[in-house]
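Next up: some structures, all given as structure tokens.
Look at the two complexes coming up: subunit A is in both, with subunit B in one and subunit C in the other.
Coming up: the complex of A and B.
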């Protein structure tokens, strides 16, 4: 190249698209770094693909910010956890938790559930009491009274329970809760509703509503609610790890959830480093293989050249996607298999291009001089040929990156992604398979696709910005 | 005569590609132990059925075990399981080459046949319809727009289409399809979400054709959106390259009208390299068609492929990979012939 690296840089920097590409790539890397630091590496198997982990999340609800555009305010899904407790002794010993939450909505919450984790006790099993105080001051005492079952005989104290999976009470399904509400309605409003009627009418309206003139619980009491959790214990060393109260709503988080209740924002974030990883590893390996073989083929000539070119011909004559599908299906859905297959079918085009460039570069006189002074072929290829094609190779490497990201996304969409590593393509595949598009779950379909587009586009922009730098003829054309 | 010979050589080399691909596929199937597993499962299933049949007729359990073992041995020999997989290669390749593709596990034709051969015969025309229409449309758009913007490089239109082609490369075809379905079929309810005909399909031929047209709008737009960007950009670059040649200047200096220069001196000369790129880009359109069919439930080969993946139907996947390679090779052959017509200088 007949101009310095500084010229090249300024040439690159004049184009607006390359600036945009660089800015985007910095952001992508920033997010990926954050995810790598804050997510466990086994996120896919340990959290994302584990339905238990998402049990308390709402299924298939839009992001909460959609409420700003809507005339009817839907209740936000709340998962309220606390591990701050206080031990008290007033005749009986209790461990107390307090949960406060705000409810502002035009529609009643869908359900409520209560969970308790990490319980240790030494003597009689503890008893849990819940009391809900509404913003208007009315109180539902002993909304839930739940006794922890006795440990099986033969076990020695301390008894440790609810470590792996918590004690979970789904309130609408609990007879105790129904009875408690019936009692509350009787004493507070003189109502004669039976527990069964309460269940059929939906108990949320009694938990979060107040009666209108006809005695129907249609008004939602807005404001700050308080849930008091008292765990009655019978030994002073008993402990409770944390409690959780879930108010089932119709909107959740920044990105909404899928039909399994998975928080899409979390999955989408994890997709950043995975996409970049696949893109970079594949493009690097592809360019290494492609350029080494291309330089060898062009410089050595003869039988080596012939062999490499015939292999290229065959690879170029194959339709890529069907072969990719075949190989990944046979070899197994593993991220490394996908990368290897993508590299295997990616290098041939580059080899052909580099070979033709090397054939030209080979004619230069200084190469002849090198040969005359006894330089080895390897030396000449590495020191004289490679630097001449290096800028082109670099551009191609950037150009291959979105290709790899898109190919992986396509494979994932066809259901051939690595199941241990959630990607944007896989999130879309789930959305397609479960019929989310036909239900109009746009928050599930649009964001992952947009992320794929933006990521690919930023590499395309950079490659486009580099093109006039490495191909001076294009510079004149502008 | 020389032309015929060079085309023959090309055809033979493409045939070689098909054979090499088949060989590689079968080597992979054999070396990974996949084909042993597959045939083993087939034999076990047949043995199970055979044993069931015997249970009613023979009372002595030892006798049954002996006969079943004998039958299993015969079957294993018939499928070549008594030999290492390498020995089965010629037979396997021959079977595929003669379209003896076996049966599909969970897909069937409209008339109920599960033979992969019949399935492909039924689905293939639908895929060809989709691909050729979209490729023809994209080619038309690419050549008209590409030559137009090449006359004014750097103009606003030129920049718009440069960005358009970057986007059309970066947007996954299938995702465009998903968004189209959501916008036009789910939210606006103006176009059908998928399939090829309404159910039940209209009986009258004109209504039937219109129904097909209505169902084809979204899949074809999706594919055209994905393919046309590359066409436009390619045509533009090739035309620009040619327009800088001396003979074009001479033609202009002679005072020939600009559209004549464009048609005879630029586009005609730029056509062969454009076609070369088309040949190379064909693989992309086949891949795009597989994904588009999946998204829109277009009952062609692509959807069949997806069904095969979802139901883990190994035999069907192998057969389809072969057929897609074959289609691709045939399409390339057609383009090679076109190439020779376009560029008489070509020699092999």
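Coming up: the complex of A and C.
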């Protein structure tokens, strides 16, 4: 008969499901804590939903570990940054950067781009020269020559540029690069390809390939490449912060990218705390509202009871999802609106359950004794009724959590998620809208789906483990 | 001054079959330190009367009137709020039938006993604990009991806890509603001794409700016999037990088995009256062995055949009145 907290804990701990649930929830909380510490809170607006931020990332590529299962070596995506520069004066003044990188792959990189940030100059704007040296020694001189535009009149030196957004040149789109390659091909191989033809054929093969017998650039030159960045300056105090060269690969990171180039690993990680937040806040609020109203309804009886129960009936009869969609559409796609709507439609079932338990509990003689001792209804509800139903309320709270997570995912999947907070449901929705399923972008669809399922499962495990603690009939004999 | 003075208390319930006259014009007086034993068959209105005094009225009460004066204060005119704040447990406390049901199984025993102190005296739990341990000592409970749950205690201990709870605010008046019915005989004796001791030490007036006349005689100074919502006989314990006047009391006493006598226990024919349609005249007339014509027609008068003994019966009344 005696059942202390320690007994409850050991009963809970004996079942394998609860151990699994606890292990999973520890992992979930660990990841969420890491994300909360390391991510900015405005991640959604500042980074995730800002295409500029993802410009240097490959579009729609699978995770890099998929290479292990592939016989074709795809190029790894490389973002090469350096701020180590050297100032030289050889007739003209230059600031030089050197970037070395290894390329080993069977397929050409997707694209290349160059960026420069934090430029300060005092006189004539600097001119940027790029020279690429292949591992076989051949050089593409002045692959890119880019002059910084003059500052608008009225500004005084020093002119500071490219602090917020860098100077970025997307190489396949740059006529200067095409011309440089055409010149390189003419002098090196005697080829007569025009710049336009080069663009249409894709200029990566000329940057990273060498011609075969038929003169087609199908061989990839493997080895260490060198990119020399010379910034020609006209005042000795001019400075350049850093330069970046991106070799667009065909695999990226741990989770791949979507068609906007967003790193899915980052988005999925951010989904952890958001999912737990929605789950916990919604389930807590739902159980608080549900149990307060349930206890009041059951204990007070009469008109109050009637009113609460009829409201419950109405809420239970209304079809939830259409109303959810409707209300979120009207109230606006905000995480708090979603939570409020979920709570508003979630409490009624619990209230009916709790009421029926309270109806039984209030018949006990110790309640009558308490009334005789002059206790107020509030006191009796809080001190005598609530402890009777508290274990049940607690398990219900855990049971509600996955429901809330799934409901939010459903809303997000229908395009009604909070656009400022990336969630798993929203990642799924973007994937679905973009046709990821038909394009075979499985890394965009399966991980968020699995995460939603696993997170919900974790709470179901725990609730199942708690079930025998709360309901003694399910307790196993030992 | 009387501790409790009840005059013409009526308590009728509304049921689907009609009005149930559970308490039908009851009057009684209790002096300080006096114990009134209230005996009667099941369903004769004993418990209804105690509920009427403590205002623990069920929802279906139809009529609730009369006068209840506690230490000179009329209770019937108080609002529920006033009653709850000023009278409940401070002036009238109650020990319910079945101690195990009077304790919340999920709370520790000590804080439950302390509850009235927290509610009425606005004490902190630590202060209240001191008083609770004091009263535990009085009723013979070890201090460890404070942190026990109800299911960890024996029946006798639970009964002591419930008694302690009733006495915690030191009320002048306690209603004991069959406090020993669910206990075995040895624990019954223990509890009775405890109650007798407390009554003597603390000078508490009480109503002791039971259907066991022998048990009642053990503690009562005065006894009242209830039948069909009426108090049919009331007097000192000696008067009622040694020279019962009402035929019902006689029969009730005769139905008690004796240890040292060869007489068979007698029984009362028939069944207790239906309180929805009570018999005309005297409630008891269908079962009475001394029934007269007038009993069937007119309500019996209140007679005083001896000093301090009150009977409602035509045997002692003036039939020509």
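Assume the second predicted complex is superposed on the first by the 443 of 478 C-alpha atoms of A that agree within 3 Å, B and C clash if a C-alpha of one lies under 4 Å from a C-alpha of the other, contacts with A are read in each partner's own complex, and residues count from 1 in each chain.
Going forward, a residue touches a chain if its C-beta (ideal position, glycine included) is under 8 Å from a C-beta of that chain, and two chains touch if they have at least 3 such contacts.
None of the values given here were measured: they were computed from a predicted structure.
**Q** Does the subunit A-based superposition show subunit B and subunit C clashing or fitting?
**A** fit
**Q** Give one of first, second, both or neither to describe whether A:410 is in contact with subunit B, with subunit C, with both, or with none.
**A** Touch status of A:410: first partner only.
**Q** Calculate the angle at subunit A, using C-alpha centres, between the directions toward subunit B and subunit C; round to the nearest 10 degrees.
**A** With subunit A as the vertex, the angle is 60 degrees.
**Q** By the touch definition at the top of the document, which applies to A:13: first (subunit B), second (subunit C), both, or neither?
**A** After superposition on chain A, A:13 lies in contact with neither partner.
**Q** With the two structures laid over each other on chain A, which partner does A:364 touch: subunit B (first), subunit C (second), both, or neither?
**A** A:364 sits against subunit C, while subunit B stays out of touch.
**Q** Contacts for A:384 in the overlay, against subunit B (first) and subunit C (second): which applies, first, second, both or neither?
**A** In the superposed model, A:384 contacts subunit C only, not subunit B.
**Q** When the two structures are overlaid on chain A, which partner does A:449 contact: first (subunit B), second (subunit C), both, or neither?
**A** first
**Q** I want to verify the contact counts: of subunit B and subunit C, which reaches more residues of subunit A?
**A** For subunit A, the partner with the higher number of touched residues is B.
**Q** Touch check for A:375: first (subunit B), second (subunit C), both, or neither?
**A** second
**Q** Minimum C-alpha distance between subunit B and subunit C after superposition, to be given in whole Å.
**A** 18
**Q** Could you pull out which residues of subunit A sit against subunit B in one structure and against subunit C in the other?
**A** No residue sits in both footprints.
**Q** Which part of subunit A faces subunit B closely enough to touch in the complex?
**A** 17, 313-314, 316-323, 325-327, 329-331, 349, 402, 406, 409-410, 413-416, 428, 431-432, 437-440, 442, 445-446, 449, 452-453, 456-457, 460-461, 464, 477-478
**Q** Quick check: in the complex, which residue numbers of subunit C touch subunit A?
**A** Checking each residue of subunit C against subunit A gives 54, 56, 84-85, 87-90, 93-94, 96-98, 101-104, 106-107, 112, 115-116, 119-120, 149, 151-152, 162, 165.
**Q** Mind listing the subunit A positions that touch subunit C in their complex?
**A** On the subunit A side, the touching residues are 1-2, 364-366, 368-376, 379, 383-384, 387-388.
**Q** Which residues, counting only subunit B, touch subunit A once they are in their complex?
**A** On the subunit B side, the touching residues are 13-14, 17, 20-21, 25, 28-29, 32, 34, 153-154, 162-163, 166-167, 169-172, 174-175, 178-179, 181-182, 185-187, 193, 240, 244, 280, 282-284, 286-287, 290-291, 294-295, 305-306, 309-310, 314, 317-318, 320-321, 324-325, 327-329, 332.
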